[in-house]
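Shared between the two complexes below is chain A, which has chain B as its partner in the first and chain C in the second.
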Partner chain A sequence: MSDRVQDRAPPMAVAPPSWREKMEPWFFILPSVILLLAIGLYPVIYTLVASLQSWVMGMGPPSFGGLQNYAHAFTSSDFGHSVLRTLVLIVITLPIELALGMMIALALDSQNFLVLRRLLQICLVIPIAITPSVVGLLTQLMFNQQLGIINHLLGYIGIPALDWLGRPLSAYTTVLIVQIWEWTPFVALVLSAALSTVPQDIDEAAVLETERWWPRFRSIQLPFMWPGITAALVFQTAFTIKEFDMIYTIEKGGPGTATETAVMQIERMAFRGFDVGLAAAESILMLVLSILLARIYIRVFYREMD
Partner chain B sequence: MKSWSLGLATVAALYAGVGHAHAWSLKEASAPYKGTTITVVGLDRPSYKIAQQLTPEFEKETGIHVHWNIFPYEDTLKEETLNFISNSQQFDAILSDVVWPVNFADPGWVLPLSKFTSDDKLADPDLDLKDFFPVWLASFTVDNKLYGLPFDSYAGLLYYNKSMLKAAGFDKPPASWDELENTYLPKLSDKSKGVWGYALQSARGETQTADAFARFLWPWGGRFIDYDNKTISVNAPNSVAGITFRQSLLKYMPDGIVSDDHSQVVQLFAQKKVAMITEWSAFYPTLAASNLGDDLGIAPEPKGPKGGYSAFGGFAYMVSSQINKKHQDATYLFIQWLTSKAMAKPLIEGGAVVARQSADEDSSVQAKFPNLAPMVDTWEHSTVPDWRPQLGCYPRFSDIVSDWGSRIELGQVAVQAGLDSMEKDLTGYMKSSNCWGKINNPEAAMAQYK
Partner chain C sequence: MSDLRAPLLRLLQAVGLVVTLLLILFPLYWMVTASLKTENDLFSMPPKWFFAPTLAAYADAIENTEVLGNLLNSVLVTVSAVALGLLVGAPAAYGIARYRFRGRRDVWFWYVTNWMLVPVVVLIPFYLTASWLGLINNPVVLILVYQVFIVPLVVWLLVDQFSAVPVALEEAAQLDGLSRVKIFLKISLPLVKPGIAVAAILSGIFAWNDMLYAFILTPSPDARTAPTVVLNYLGGYVIPWPQVMATSTMVCAPVIIGGIIVHKYIARGLTMGAVK
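Let's turn to the complex of A and B:
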């Protein structure tokens, strides 16, 4: 015991880190921190401050208005309806996008359909690559009752020309269809990436165990996919809440306010009505809603597999 | 060939003042500003296209560089307001819609033109303000001060398909809205053949407010605002009568008209699916270039029970007050040149619409451009400068009108109930935004120019 103690080298005196050594890590991350603060935090703080002001551009300088903009936003049926339309858009499109995205991801994962896999990979990129405003303009043309190709094609199977964009419900349905078309490929790609995290040995063992796809999917693939599914949900919810250009170019939120989502209503308040204070308050409320939904998704769906 | 002749006309215009007594010339007036670059706001419309084509002649003569900044109409007020709010001095020549003068003049963002017209070095002796139609000068006059020189000036016109009307037994267009509805439309509409008598652009936004709402307010005696009593009058009996009439026309229009904007309606008319439309005079070049050929007929808009009140819209150029004096002077010289009498004909030849009496009333020009005669008739007899109100809070005001106007047109709410709600929202907004103190009534300035 004592030999051991004697063998042990005397502890070396470690000099305390110098100021420069202490600060060195901070210097490395400082540019990123400054950038994040400038492009992330500053606009949020600016919006927060604006939301507490009575500020209509061109009608005099801003003045402190307390919470009156928030009170106005909460009692405004205009804003309330636009939030409701946004939530309905999320509730309807998200499950469909997930279901279709999952089917595409599984098809891509299948080794048996190489041609289908290549074809799907090409097709998936197309909707993502097209600018949303171009998607909106194409929708406007394709779904036009008199001139559009959709009604023309429906005519071949005996369906009379539908007034896709002229009535509130059908216009909203059109937006749903186009939204699903535009974003399903993105969900499919995210889920495809999640599917690739399934360990190959476990998956092969499952294939040896059973030829049925459902038990393999439910017990082996799905548990590994939950983080990917959660990410898809969070991203898609944020994308849907922010969706502007596509819906705007279809018919500016019309007919009436039938397709006006919350972000469009906020833009209308800020840049058509110039009520910056109210628009800022509504933006903050939508940010809170977005964070809240993301937290719920993470709490309900997020599970990690070892 | 066309651009060559336009160039010649412009050069002639530039030298038009040479023979004048004291020989004011653009070249001499602009000498101190040589090398200055000015930024001009424009729209993606025919008048601005030809203006851009002609601009090099101005640059060559003056040495002043002109940079055009083109926006879609919907974004123009936003861009210009942000320019002023942030004092970015991004734009020198400010484009004002007929409903925006008070938005720019009230905060002092633009300069009264007297600052320049009283300066002998800058003012062209041939400016001849009286050559502009009075209704246009009144429109850009705030507190008895003229702020803008009209450019790209419109009147609402009735475009009709001569062959379709002839086939239905009509050799002339309807003179009144009543005649249009009861005599013409039943014979011109055949839904089974996909043919409609009339189409009204009604898309949400300024199109709904100006084209689909105001058009049916004035001819029935309706008004947006009662200036004397400072009240909103969109739900007064006359207003209700006009909007009720609009609803009665819907059965003769294509389905989905509530979502159609100018481009769709013009397209339907050009494709001979619609016999008549009421559209801005600025659409003449588009329709003249379509397959309609000799079938294209143009007339003033039909009259209502209270007379003729055709749609009135258009723009003027103003000088920003936030830029330095050198830029202000150079900008004024450009605006003065662009809106001059001498430039009017070359502009019209290139597809623009201008508010110069000498050019618009010229019989040789009218013979080539059939949109001019009804346009002149409208500006002289059948419209008012406050066809849409001039308010400091107009953007949101218009938004409320558009919102309820669309709901009424969709049938989501009855006419009276919808107009009552519109009145309630407008009254509330006018009060909360202190907008009653930011009103300009251009009608009051009409006497000044007549």
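Let's turn to the complex of A and C:
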């Protein structure tokens, strides 16, 4: 991302940089690096060490256990399924959020319906701002089978009352729907900001050239939007992997473990199962997975800038 | 064909805008009206679209929980966390945007990686360390732990904003004899105000809304932040829904209002690497 500006290197130092000049950027950067080392890196190392221990709270002091926690994590179907549920959540919601977000961004970009567009622009902030644990509770209330407003509204168009939260598959579907509701506006905002970076003169020339929107979108707008799309992907993947509050307040990962994501499973293992070593190993595996995903996105989509 | 297509597209656009608006606003409407209903009104079938609003649920919520004190905790934690994040994050973004040095790319990627950090990785060590130091229920622990996502977010958003400030402007200031620090404070920082507003509101939203860290690190009823209050209600057999929704409305109102106030900066501040 930041390398896009490399061709515009600050021209201030012409002579070979002195020690002082070499250190100058670190003067600005160092405080945040120290802070993040303390609160970001220290816990990761702590977790890494804990993951190699046989450590169940209340069952004596930790002892070195080698890779047995990892072996356990890989063979645990509880953890495996929760990771799978998390990945499926990403794979299903991401393309939908991206497609809907793109449609909203394009609709906001045109000249018609000024009032509607302004109103929507303001309202897009709302789902992002609503506290996820409240979203979970609201879901419980609105998706209730007998008394929920959703089933009642669906009744108007002849759809029979669904048991949204009672069955594993439908509960998972409900989580998908709510996740999409919560985060599509954010994607729309990022894409909308990306769309605003399309240079006006180029865009106007394109509009003169063709009235159809597809060629204009493909060859003018889309190329300028890749950084925004990548950012949306990285953001959304992180949001989905980290999601806890909303799903937890819907029904604590239930029915059974039908909506339990990896983060929830690890939290349960650590704070209610008290198996710190195993939870730590699972956390490290999730960390590796999320770094891999971020790397892939940045590799694939920012490639053109190198 | 094409003259038919344009009005059709316009109709589609209008319908899309209206439907999106309704989908976004309806849950909010439902939450607020539920908080103003009695239990009978809330669960009457068919639903009551018109009802006599009452503030009884708010009175109950304030009486039965520590929600007011918890809201105050949230304000304290959120404001401090955002201030700290901006204090260390904004200079870092400037450093990355304005200097070319070895490891620049790695530093930037490291920030983004921290953004991806799964909370449990941080949570277990923080919990164990904080209990060891006797800092459970201390808001400082929350303020610190939120930097895990605030600093990366601030840096990510602001690198782009600082890069967009014309170098010529800073050169002119340098010729006038201003030091790099003064240039940063007096020239660049005021120019990236939209970015700072967006970074502040987004990190504020995420800090305010967090339940997971707060529920593990500040579990006692008076040390809690607002989003964990709603968990109180989940334990019981009967959930007093109007009261839950009243609490929810109080928890959400500050961030929704804050978000609406700064919304106009978002289009300029969320460019995420798209600035050439």
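One rule holds for everything that comes next: the second predicted complex is superposed on the first by the 272 of 306 C-alpha atoms of A that agree within 3 Å, B and C clash if a C-alpha of one lies under 4 Å from a C-alpha of the other, contacts with A are read in each partner's own complex, and residues count from 1 in each chain.
Following the convention adopted for this analysis, a contact is a pair of C-beta atoms (placed from the backbone, for glycine too) under 8 Å apart; a residue touches a chain by one contact, two chains touch by 3 or more.
In this text, all values refer to a predicted model and were calculated from it rather than measured experimentally.
Trainee: Pick one for A:147: touches chain B only (first), chain C only (second), both, or neither.
Mentor: Touch status of A:147: both partners.
Trainee: With the two structures laid over each other on chain A, which partner does A:206 touch: chain B (first), chain C (second), both, or neither?
Mentor: After superposing on A, A:206 lies clear of both chain B and chain C.
Trainee: Determine, for the superposed model, which of the two partners chain B and chain C contacts more residues of chain A.
Mentor: C
Trainee: After superposition on the shared chain, which partner residues are touched by A:271: those of chain B (first), chain C (second), both, or neither?
Mentor: It touches chain B and chain C both.
Trainee: What is the contact status of A:176 with respect to chain B (first) and chain C (second): first, second, both, or neither?
Mentor: In the superposed model, A:176 contacts neither chain B nor chain C.
Trainee: If you stack the two complexes on chain A, which partner ends up touching A:56: first (chain B), second (chain C), both, or neither?
Mentor: first
Trainee: Touching A:96, do we find chain B (first), chain C (second), both, or neither?
Mentor: It touches nothing on chain B or chain C.
Trainee: Identify the partner contact of A:87: answer first if only chain B is touched, second if only chain C is, both if each is, neither if none is.
Mentor: A:87: touches no partner chain.
Trainee: Does chain B (first) or chain C (second) touch A:131, or do both, or does neither?
Mentor: second
Trainee: Look at A:254 in the shared chain and tell me whether it touches chain B only, chain C only, both, or neither; answer first, second, both or neither.
Mentor: First partner only, chain B.
Trainee: Between chain B and chain C, which residues of chain A are contacted by each of them?
Mentor: Touching chain B and chain C on chain A: residues 146-147, 252, 271.
Trainee: Quick check: in the complex, which residue numbers of chain A touch chain C?
Mentor: Chain A reaches chain C through residues 1-6, 8-12, 22, 24-29, 31-33, 35-36, 39-40, 42-44, 46-47, 50, 103-104, 107, 110, 112-113, 116-117, 119-135, 137-138, 140-142, 146-147, 149, 152, 181, 185, 189-190, 192-194, 196-197, 211-213, 224-225, 227-228, 230-232, 234, 237-238, 241-242, 244-245, 248-249, 252, 262-263, 266-267, 270-271, 276, 279-280, 282-284, 286-287, 290-291, 293-294, 298, 302.
Trainee: Mind pulling up the chain C residues that touch chain A in the complex?
Mentor: Its residues touching chain A are 2, 5-6, 9-10, 13-14, 16-18, 20-21, 23-25, 27-28, 30-31, 34, 43, 45-47, 87-89, 91-92, 94-101, 104-105, 107-129, 144-145, 147-148, 151-152, 155-156, 159-160, 163, 167, 170-171, 174, 180, 184, 202, 205, 208-212, 216, 226-228, 230-231, 233-234, 239, 241, 244-245, 248, 251-252, 255-256, 258-260, 263, 266-276.
Trainee: Can you name the residues of chain B that touch chain A in the complex?
Mentor: 75, 78, 81-82, 84-85, 103, 106-107, 194, 203-205, 254-259, 264, 267-268, 271, 273, 392-393, 395-396, 399, 403, 406-407, 410, 412, 433-435, 438
Trainee: Mind pulling up the chain A residues that touch chain B in the complex?
Mentor: Residues in contact with chain B: 56-59, 78, 144-147, 163-168, 171, 251-257, 268, 271-275.
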